[in-house]
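Naming follows writing order (A, B and C), and every chain is counted from residue 1.
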Amino acid sequence: MNGQYASLLVALPLISAFFVPLIKGLGGRAIKYYLTLITALQAGVAAWVFKTVYTTGKPIIVMAGGWRPPVGIDLYIGHFAALFVLIVALVSFFMAIFSFDSVSTEPTDKYAMLFLLLMLGATGMIATGDIFNLFVFMEITSITAYALTAYNKTGEAAEAAMKYIVLGGIGSSFFLIGITLIYGSTGTLNMAQLAQLAGSINPTVIKVGLSLLVFGLAVEAELFPLNAWAPDAYQAAPHPVTAMFSAFVVKAGLYALARLVYLFSHAAGWDFILKLLVIMATLTVFAAEFSALRQRDVKRMIAYSSISQVGLIALALSVGSQLGVQAGVFHMINHAVVKTLLFLTVGYVGVKVGGTGIENFSGLGRKMPLTAFALTVGALAAVGIPLFNIFWSKVWIIIASIEQGYAWEAGVVLAASVVEAVYYLRLIHTMWFGGWDGMRIRESLPLGTIALFLVLLILAIGVYPNPFWTLAKSAGTDIFNVSRYIANVPLMGVGP
Amino acid sequence: MFDWRLILDAIGILIYALIVGFIFMGIERKAMARIQRRIGPPIYQPIIDTLKLLGKKESVSHGFVYNFGPVFALGVSITALLFIPIANFQLFSSNADLIVVAYLLEVPMLGIMLGAMSSGNPYSALGVQRGLLTMVAMQLPYGLAIIALVQHWGTFKLSQLVALQQLQGWSITVPALALAFIVFDIVFQALLGLEPFDIITAPAEISMGPMVEYGGKHAALLFTQHAVQLFAETAFFAVLFFGGASNLLDLFLKQLLVLFIAIFVASIYPRFTIDQAAKFFWKWPTIIGIIAVLLTV
Amino acid sequence: MTLVPEAYVVPLTLFSPLVFGVLAWLFDRDWVRETLGVIGAAVPLTVLSLAYEKASSGTISYTIDTGVFKLHFVLNSLSWYFAFIGALVGIAMAFGLSSTSRRGYDWLFSLMSFTGVMGVFLARDFVSLFLFWELMTFGSFMMVLRRNRHESLKYFVLSVIGAYSMLLAIGMVYAKTGTLDYAMASQTLLLLTKMGGVSKAYVDTIFALFLLAFGVKAGVVPLHVWAPGAYGENDQSYTSFFSGVLSKAGVYGFIITLFVMPSLYGIYFAMGTFHGHLTGTYLIAWAGAVTVVVASFLAVLQEDIRKLLAYSSVGQVGYIILALGVFNGVAVGGAMFHVLSHAMFKGLFWLISAALILRTGKTRFEDFGGLAEKMPVTFAMALIAVLSLAGIPPMAGFASKWLIYEGAIQAHMPLVAGTIFLGSALAFAYVVRFLYAVWFGQRPSDLDDVREAPLPLLVGMTVLAIPNIVFGIAPGLAVRLINRFFNTNITVNSYYSISTPTGTYNALSVTLVLIVGLAIAGLVYIYGANARKIKVTNTYQSGNPVTEEYNLVIRRNFYRPLAEALDFWLKYSWDRFYERLANLSEDFADWLREGFYNGNVQSYSWYLAIILLILAIWGVL
C-alpha cells in the first residue's frame, strides 16, 4: 500500500471528531461504541504503518497537498514516530474501553470529541516534520487537555484546568515567539532544513530561539519547576484521560523537546541547554518523589510518580549521547505501559469503591484480587525491580549518565528511587495486609483482559528485553542521528 | 604408641600441682590471718577440709547438670594445667598455645556456673551474674596485656616464650611489658577471686555466691578445682612475665612471689561493687594496656 | 560425579529450590508441601556433594543467555565452599520449616531466597550477582512482610539503599571498563588506575558503594538496624537460613570486592596506607570491631530470646568482617572458617529458638524456665551450640576464633584484637543468660506440659550440630579446603592439628586431654558418697521453707548492673537515629511539597518567570 495512506493517522481522528454531533442523538452508549471503533481503526492504521516502517527500514514521508517541503508541510514518520503512534493508538483504544465504566458525566459527546482530538494532537506532534505544524498540534493537544481536565465539572477540576491554562498558555506563547525568531532568521519552517541551516544562523538568535522553544515545551513535558500544574491536573481529570496524559501527552512533549534540541545540535551554546535540561530533569525526579511520600490519595501519588519517571526520561534524553537517547526512548515505552496499567487499575478502584484515597485500597487483595494483582505488578515495575521492564531502562539510563560524567545526578536519581520504593511498598502492604471489610466486587471482563495484557507485556519486556531494546535503539537513533533525518526528507532546495 | 615418659610426667605434675595448690590456699588464709593479727589455720588446712568433705556420708544433688558442673570445671582446669610448660617439663605445651590456655583458664568458671544455675538458689544466680560481669569487665585489659606480650615476643607458643625470656631476660625488664605486667596483675586479682574483685563470691553478702548450694563431694571437687586453678594461674603468670623456670623450686618461688603480691593487695582493699568494678577496669587498666600495646606494635 | 552430568550441576543447584518452592506453594496440602520443600532443599546439597572433586580441583562453568545480558556462573572451590554451607543450613531450615510452618507462602519465599543465595555465590559477573541478590532479598523480605510491617519497611529501605549503591557501583565500573565479568573488569580497572585514566576519587567511590551495599546485608554497624527486627519477626526456622546464610552473602560480597577483583589492588594504591596497614582494609577491620562490641553489648542486655540471638548474629558476622579487614593470610583463613562455624552454630541456635517458641509460645526470658527436663534433646543441642558460640575447645567455634586471634595479633592490630577478647567475654555472658533463663531453675506452671520438639526439627538440629563437633575436633579438614582458594599461611599438620607461623592448635590432643581430665574428676566424684536428688526449690533458705509459687530465679534484667555501668552510652541508639532520620525526610517531603506545589497559580507563574530569566541572562550574555 502506498505510504501516503499514513496520513489517515491524522485525518481519521479529525474527521471522526467532527462527526460525533451527528451520532449524539443515538445516546451515550452509542457514542462510546463509536469512540472504541474509531480508536480501533486508528490502532489498525498505526500497526500497518509500524510494520511498514520497521520492515522496510525507511521512514514514510507524507507531503501535504503534494507540495515538497519546505514549501509544503510534511509528515515524517520514522522509526520513533511509527512506534509511538502505535502506542498512542493502542492506549487510546484501551482508554476508550475504560471510558465505558468511568465516564458518566454529561455531555459525553463532547467528551468523545475532545478524546479524539487529544489523540490527534499527540499523534500529530509526533508525526510532523514542520515546526509550525508542531505548534499547531501542540495547541490542539493543550486545549483539549485543558477542557478534558475540567470535564468532571467539580470545583477542583475547574481550578486544576485554570492553572493548566495559565501555565500552558504562557508556555505556548513563548514557544511561538521562538518559532518566529527562528523563522525570521532562516526563512524556513521545515525541521530538516532548519537542521541543515543550524550552524549558519546568528548565534544570539539561535540561543534565544532555542531557549524559548525549550521553555515552551518544558511546560508540556512537565519539567521542574514548570510542572506545578501536573499533579492537580492528573488528579482532577477523568481516569482514562489521566492515563492518556501520562502515557502519551507528556511523551509527545518530551519527543518534541528532544527532536528540536538534537536538530540544533550544531548551534552555538547547545551544551548549556543540555546542562540546564539535565539539572531540571534531576530536580524533577527529586522533587516529585519526595512530594509523593506523604500522599494520602493514591491517584495523586501515582501522578507524582509519573512526573518523576518523566524527569528520568528527560535526564536520559539530555545527557547527549546516543545510548542516552536510546535508553530514554526505551523508558518512554516502558513507562507508557506501566502508567497506563496503574492509572487504569487505580481509576477502576476509584469508580467501583468510590474514591482513590488510600483507605479505599485497604484489603484490596481480597476485595478485587485481579485488580490488586495488576496494581502490585505495576507498582513493582515502577520501582524498578529486576525482572520487570523499568529495571532495564533504568539501568541503561544510569549507565548512560555515568558515561557522560553525570554520576552525581545518577546518585540523586537512585536516592529518590529509594523514596519511591517506600511509598509503593506502603500501598502494596495496605492492599494485601490491610483490613478487609468482607465485600467482594465483581471485576469487569474487558478491563481485566486489558490489565492482564499489560501485565504480561510488562513481564515479557522484563524477562526478554532484547526485542524491545532493539526497537528502542532504532527509535532512539532516529532522534539522535540528525544527518540521516535530513537526508531522508526530500527537500526542494529552496533557500532562505 | 604412647609416650610413656610424657604420661608419667603429666601424672607427676598433676599430683604435685594438687598438693602445692592446696598449700597455696593454706598460705593465702594464713597470710591474711597474720596480717589481721590472728593466728589462722595451719597451712595444710585445705587438704584436711577436702578430705573431710569427700568423706561425708551423703550429699544432695539437683540433677545431672548440677553434678556435672564441678566435674567439668575440674576437668578443664586439669586440661589447662597440662598445656602449660611447668618448669622444665614441657608436657603437652607443643600442641596448644597461649590463646588456648588463656581460654581454658576461663572455662572452669562456665562449668561452675552451669552447675550453680541448675541449683535454683537465687544467691547462686546472683553470683553467676556477677561472675560473668566481672569476666566481661576484666577481659579487655586481660586481652590487651596478653597482646602486648605476644607482639613483643612475636610468638604464641608458651615454650618458645620461656626460651626467649631465658635468652633475653624476663618480660618485666622490658618497659612496655612492665606496663602489661601491672595490668595483668590487676586482672589477676579478679581471676583469683580476691579483693577488691571478689564480688563473685562476696562472702557475707550472698553467701558464697555460686557455690552456696554445694556440699559434700561436690564441694570437695570445687576445692580441688580451686587448688589446681590457683596453681595453673600462678604458673601461667610466671611463664608469661617471669621467664618460666628451670626447675620446680625456681617455679615455686616465683609462684609464691605472685601469690604474695595478690594477698597483700587483697588484704588492703575492700570490695568493689560490680558496676564500680566494670567502670574501673575500663578506665585505668585499659588505658595502661593500650599504651603498652601501642608501645610494642 | 558420574551420577550428575557436569552440565546439570549448576542449573540444578541454582533452580531446584525455587522450582520446588513454587510447587510447594501450588500444592498447598499437608505433607505434600513439606515433602516438596525438603526435596527442593536437598537437591543442591546432594549435587554439591557429588561435585566436590571436580569443583575443588577445577571449575564448572555455566552460562544463561537472556539476550540483553549473558549470565555467567562458575563453581570453583571458593563458590563451592559457600554454596555447600548454604545448602547445609538450607536443608536444616527445610526440616525446621516442616514443623514450624503450615503455609505454602513460607515455603515459596524461603526457597526463593535459597535460590537467590545460590546464585549470588555462583555468579561470575555483576549482572548475575545483582539479579540473584535482588531475588534473595525479595524472598527474605516477603517472609518478614507477613509478620511485621514496620520491621519489614526498615529492612526494605536499607536493602534498597544497598541494592541501589551496588547498582551505581556496577554502573560506574561498567562505564569505565565496558565489561561486567569480575576478572576482566578488574584487570581493566587496574590498568586504568595505573595509567591514570581513572581518578582516585572515582575508584574510592566504587569501593565505598560496594562496601555500603554488602555492609547492609552483613549487618555492619551502623547499617545493622534492620537485623534485630527482621531476624526476630520471622519464622525462626527460616531465620536460621536468613541469619546463617544470607548474612554470608554480604560477607561474600566483601570477598569479591577485596579478592576476586584483584584490581581493587588499584584501590589500595589509590587509598594508600595508614601506619603500615592498607587504609581500605583497616577501615573494614575497625567497622567489624565496632560491630562486634556494640552488637555484643546490646545482646547482653536483651530480654527477648529472638532479639538476643539477632544481636549475637550481628556481632559474630562482625568477627568475620573484622578478620577480613585484618587482611593477612591467617586472619582471612580464620574468617572463612568462621563463616562455616557461625552458620553451623547460629543456625542451630535459631532452630532451638524455633523449637522453644513452637512448644511454649513464649518469647521473653521471664516466661521461660526449667525446660531442661522437658526437652532434653533440645537441651543437649543447646549445649553444643552454646559451647561453640562461646568458643570453647574442642568445638568449631573455638578453632575459627583461635585463627582470628592469631591473625589479628600477628598483623599488629592490637586494639582490634583487644575488641575480639571483649566480644568473646560478652558472648560468654549472653550465652549463659540464655542457658539460665530457659533451661534451668524453676519452671513456671504453664510450661508443665511442654513436650520435646517435633522430629523434623530435631533432625534439622542434628544436621547442624554434627559439623560443629566434627570441624571442632578436625579443623584441618576445613582449613585444607580453604587453602585451596586462599593463600593462608596456615599449615595443616594433619586433620586434627593446624599451625600458623606463630602458634599451634592440636584439637585432638586438647580433646583427649580434656576427656582424661574429666575422667580424673569423675573418678574423684565417684569416690565420694552417694548423691540424693532433691527438688530445685529445696535450696539453702536459711531455714525458711518455700513453696512452688515462690519465685527463686532471676529472669528479668539479669544484667542490670551492666546496663547501669553503660548508662551513658545506652542513651544513644542507632535505631532511634534512623527513625529520626526517616521522620526528618518525611517532614522535608511535606515541606517541599507544600512549599513548591502549593496550589497557587501566581507562584507557578513566578517559576516560569524565573526560568525565563535564567534563559534570558544566558542568551544576552
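Following the convention adopted for this analysis, a contact is a pair of C-beta atoms (placed from the backbone, for glycine too) under 8 Å apart; a residue touches a chain by one contact, two chains touch by 3 or more.
Because the structure is a prediction, the values reported are computed rather than measured.
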*When you draw the chains as points and link the ones that touch, which shape shows up: line, ring, star, complete, or other?*
line
*Could you find the two chains linked by the most C-beta contact pairs?*
B-C
*asked:* How many angstrom lie between the centres of subunit B and subunit C, each centre taken as the mean Cα position?
replied: 35
*subunit A and subunit B: spacing of chain centres that average the CA atoms, whole Å*: 79
*Whole-Å distance, subunit A centre to subunit C centre, using C-alpha means?*
46
*Can you check the complex and tell me which residues of subunit B touch subunit C?*
14, 54-63, 65, 67, 70-79, 82-83, 92, 94-100, 103-104, 106-107, 110, 113-114, 117-123, 125-126, 128-130, 132-133, 135-136, 139-140, 142-144, 146-148, 150-151, 154-157, 207, 212-213, 216-218, 220-221, 224-225, 273-275, 278-279, 289-290, 293-294, 296-297
*asked:* Give the list of subunit A residues in touch with subunit C in this complex.
replied: 159, 162-163, 166-167, 170-171, 174, 204, 207-208, 211-212, 214-215, 218-219, 225-226, 228-229, 231-232, 269, 272, 276, 287, 290-294, 385-387, 392, 395, 398-399, 402-403, 407, 410-411, 414-415, 417-419, 421-422, 425-426, 429, 433, 463-467, 469
*In the complex of these two chains, what residues of subunit C are touching subunit A?*
66-68, 130-131, 134-135, 138, 145-146, 149, 152-153, 156-157, 160-161, 164-165, 167-168, 171-172, 174-175, 205, 585-586, 588-590, 592-593, 596-597, 599, 601, 603-605, 607-608, 610-612, 614-616, 618-619
_With touch defined as at the start, can you tell me which subunit C residues reach subunit B in the complex?_
300, 372-373, 390-393, 398, 402, 405-406, 409, 412, 414-415, 417-422, 424-426, 428-429, 432, 435-436, 440-442, 497, 500, 502-506, 509-510, 513-514, 516-522, 524-525, 527-534, 536-540, 552-554, 558-559, 561-562, 564-565
